[in-house]
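In the part that follows, the structures are each spelled out as structure tokens.
Each of the next two complexes has chain A plus one more chain, namely chain B in the first and chain C in the second.
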Partner chain A sequence: MTFTRRASEIAIGILPIALVIALWHAIAASGIAPAVLLPPPGAVFARLIEQAGSRQFLDNAAVTLYRLFAGFSIAVVVGVTLGVAATGSKAVEGIVKPLVRVLAPLPKVALYPAMILMLGFDDASKIALVVADAVFPILLATYQGTSAVDNKLVWSARAAGCTPRRALFTVVLMAALPSVLTGCRIGLIISCIVVFLAEMITSTDGLGYLLVRAGRNFETVDMFVPLISISILGLTLNAAFNALRKWLLRGFAEES
Partner chain B sequence: MISIERLSKAFDTARGTSHLALSDISLDVAGGEFVSILGPSGCGKSTLLYIVGGFVPPSSGAVRVQGAAVTGPGPDRGPVFQEFALFPWKTVLGNVMYGLLEQGAPKKIAEDRARALIEMVHLKGYENFYPKELSGGMKQRVAIARTLAYGPSILLMDEPFGALDAHTRTGMQHELLEIWERDRKTVLFVTHSVEEAVFLSDRVVVLTRSPGRIKEISRIDLPRPRRRAELLVDRRYQDYVVAIEKLMDDPAEVRA
Partner chain C sequence: MTRLTQIPGLPPLVAAAGLLAAWELAARVFDISGLPPAHAALRELPVILTDKESLLNILDSIRRMVVGFAFALVFAIPVGLMMGRSRLTAAFFNPLLMIIYPVPKAALMPIIMLWLGVGDASKTLVIFLGVSLPVIYHAYQGARAVEEKMLWSAAAMGMDARARLTRIVFPAALPEIMVGVRTGLVLALITMVTSEMIARKQGVGDILFNALAMAQYETVYATIVIIGLLGFVIDVGFERLRAHLVAWAEPAHEIAAVGST
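On to the complex of A and B.
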């Protein structure tokens, strides 16, 4: 029973992707869009498989992956720490809350030129942009989740001899894990988008750079390869994250 | 053992006014005594227990435990809550081991002691279950074992059986008395069931409607060990229940 359910879940997950590819193929085949502008999916996937073996492509993919993970990891550490600290201390809350209110709605891309000037064209400025965009959903989810934790969980720990600060990370954060992980998942998706965006704006390597370079040279097939790669990357990371989340939340009441 | 001296508690409400929850409570509880606190909903029973636990500070007055003023939670006072407040990310074994590990016990010793406690509360075989996989009665047994694990000399029980069905409830009352007969902990037990209070207690403290004051303290002179089936047909038990029921119905409030 669980097997058929699992199988149907996968089918439902794949169906929309298959539809998009089918639509893409139909448009390309119909000739509405000239093949030089919209290459058929077959050509793109063939090129992707070919590229997947090339050193240069893999190096660029690795660069993107590194920036993505570095940015996302920093965002998780900073967001979770600040979110928990804001719940645990009125003083931190007093600083973090107004800061978030001002910074969260700001379009972070607007800060990107400044980041480039400060951090250079290399990895650091891209990672900084990823952090800037991914940190807020993680921070907000952590803060909301931790401030909604039932006092009695903390009291149960405190009576057993746990100090308030220890309880903050071993009890409050753990109890808020479902909410924290939801924030992290949103942060991960944002990280995927933003790392690509940063590389497209200005870069000399990475998947985003490959796309822009191919576009400039009017190599449409090569333009679609990084796009498909980042999509596959996003889907894979999301699936991996969900598996991790399911395992971490195995004791928590079922929720989607 | 516990000495509550002229305790009052006022809460600041959302409307900026002050709400008096407890007024001028004085009560001495001897070591090994089982004292129940009865009163209408909202009269401050939980608040009183939280103050004794050191989870909530009093507005005026003081609580002393063996002569020392209570300033915060401590492993000498173990709480048991109506909502169980188990750690959802820990298994039954993990929950019961928690306090021992916090107290610095080596892992092996903590595990052995936790397993013995789990057996004592009749949950052998459920060590690796998560709380969500247990029934209400089983959850509360885990919560009691988790609290007993770090060896508090005082148990603070806030309507521990309030969320359980009638059958489970009477079973748990017997089990609690068995545990209490064995190691004679001091118990402060909040309930709104008169029968439960009379069945379990040496003394029953009846509080007035909000703000809670002590209305009357009744000594329950029934032989121990007590068996529910025997007590139900015991005239003295019935008289206690009727007298306290009457007291709780009485609209006339005691003037301070």
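On to the complex of A and C.
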């Protein structure tokens, strides 16, 4: 019963995607929109498959992935450490909380020119932008998760002879893992988006650059390819992260 | 110490002052042309804000943001609420939204520019797209969580489906919708700046990169401060409005509000 229901829901879900592609094809085929403005979907997907085997495209994708993961890893380390420290110490909390209040609503992309000035046009400024954008959701989720942990857990660990600092990382952080991972997932998708934008604004390589270059040359088909690639990349990362999360949280109660 | 931190608005103010001091110090220690001292950048603020052209550019940006944002609310809230109340609608829209979600909306700029030109229409459309998604998502979550019994009672009293949606589901989902609207506001500002950085023609993003290209570093930093202030003012203003509208609900989770660019 639940299975058939699920299957029919998947069928309904595929419908709009198929409709969009069909409509896209119909408009392109009817000639209302010239192929220069809207290439037919068949051409775009054929190009995507062709590009997936090309060395140059893969190199650019690799550059994007490198920046994405470098920035995301730094953001996780900084965000989790600060979040846990803010729960563990009143002094750190007093400094971190107002700073987050001021910095979190700032559109980080506005800082990008400043990062270019300080770190140059290369990888460093793009990674810095990814860190700046991804760190806040991770920090906030870690802080909220760890400060909601039941004190009894810490007391038991302390009674068993655990030092306060050790209890913070082995007990509190572990107990707050579901919340921390939620923050990391948001941070990961943000990293994916931000790295692409940074590459579009100023770059000489990466998927974002491919899109801008195709735009300059009016190669519409090549403009859709990086866009679809980034969507697939985001979905894959999201799915991979969910699998990792499920595995890491296998001891926790099921949550919706 | 604890009493000082309880004065509303004081800790962020101190934090902002601390950041400025750290900036000033860093500029003096490193002494590179790419990082002018804070006081030099702040001195540029009145120059930018009294310059007619810059001011018009900034106001233009804000106008596009407001228009895109308003259209997004009008479109996204009903869609989200309907998704939350009907499994069929949800199953229909969910996968589509899932595919669109990881695409940076500002990245659509080059393609939309081909169709609509570099003017207001493309930028407003991109802002509209960026704001719509989180608002749909949260309206959907909010509507899904509405107590069934309330709807049954209303139906039993003869309220039709449409009235139930506007008079029961909407207010009940309002706190959750507000979380989405806040994310949307942050996104509107980000998308506004990014779209102007990609399609450089007018607006705040254009001022930034123009100044960068002409090596007017003080102007670059002063513009960043303006955008930062704008973000902060919008955020605080919205918090006020939210507190006023949904005072009956407990403060919603903050993670979602800052998350999802």
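We adopt the following convention: the second predicted complex is superposed on the first by the 224 of 256 C-alpha atoms of A that agree within 3 Å, B and C clash if a C-alpha of one lies under 4 Å from a C-alpha of the other, contacts with A are read in each partner's own complex, and residues count from 1 in each chain.
Rule of thumb we're sticking to: a contact is a pair of C-beta atoms (placed from the backbone, for glycine too) under 8 Å apart; a residue touches a chain by one contact, two chains touch by 3 or more.
Bear in mind that the values here come from a model prediction, so they are computed numbers and not experimental data.
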{"item": "Touching partner for A:Gln144 - first (chain B), second (chain C), both, neither", "value": "second"}
{"item": "Partner chain in contact with A:Leu153 - chain B first, chain C second, else both or neither", "value": "first"}
{"item": "Contacts of A:Ile116 with chain B and chain C, given as first, second, both or neither", "value": "second"}
{"item": "Touching partner for A:Val171 - first (chain B), second (chain C), both, neither", "value": "first"}
{"item": "Contacts of A:Gly251 with chain B and chain C, given as first, second, both or neither", "value": "first"}
{"item": "Touched partner set for A:Ile189, first chain B, second chain C, both or neither", "value": "second"}
{"item": "Between chain B and chain C, more extensive residue contact with chain A", "value": "C"}
{"item": "Partner chain in contact with A:Leu233 - chain B first, chain C second, else both or neither", "value": "second"}
{"item": "Footprint overlap on chain A, where chain B in one structure and chain C in the other make contact", "value": "none"}
{"item": "Residues of chain A that touch chain B when the two form their complex", "value": "150-153, 155-162, 171, 174-175, 177, 248-253"}
{"item": "Chain C to chain A touching residues, read off their complex", "value": "1, 5, 11-12, 14-16, 18-19, 32, 34-35, 87-88, 91-96, 98-104, 106-108, 110-111, 113-115, 186, 189-190, 193-194, 197-198, 208-209, 211-212, 217, 220-221, 223-224, 227-228, 231-232, 234-235, 253-256, 258-261"}
{"item": "Contacting residues of chain B [partner chain A, same complex]", "value": "50, 53, 55, 72-75, 77-79, 81, 83, 85, 87-91, 98-99, 102-103, 130-132, 143, 146-147, 149-150, 152"}
{"item": "Partner chain C, residues of chain A touching it in the complex", "value": "9-10, 12-17, 20, 37-38, 94-95, 97-99, 101-114, 116-118, 133, 136-137, 140-141, 144, 179, 182-183, 186-187, 189-190, 192-194, 196-197, 200-201, 208, 211-212, 214-215, 218, 220, 223-224, 227, 230-231, 233-235, 237-238"}
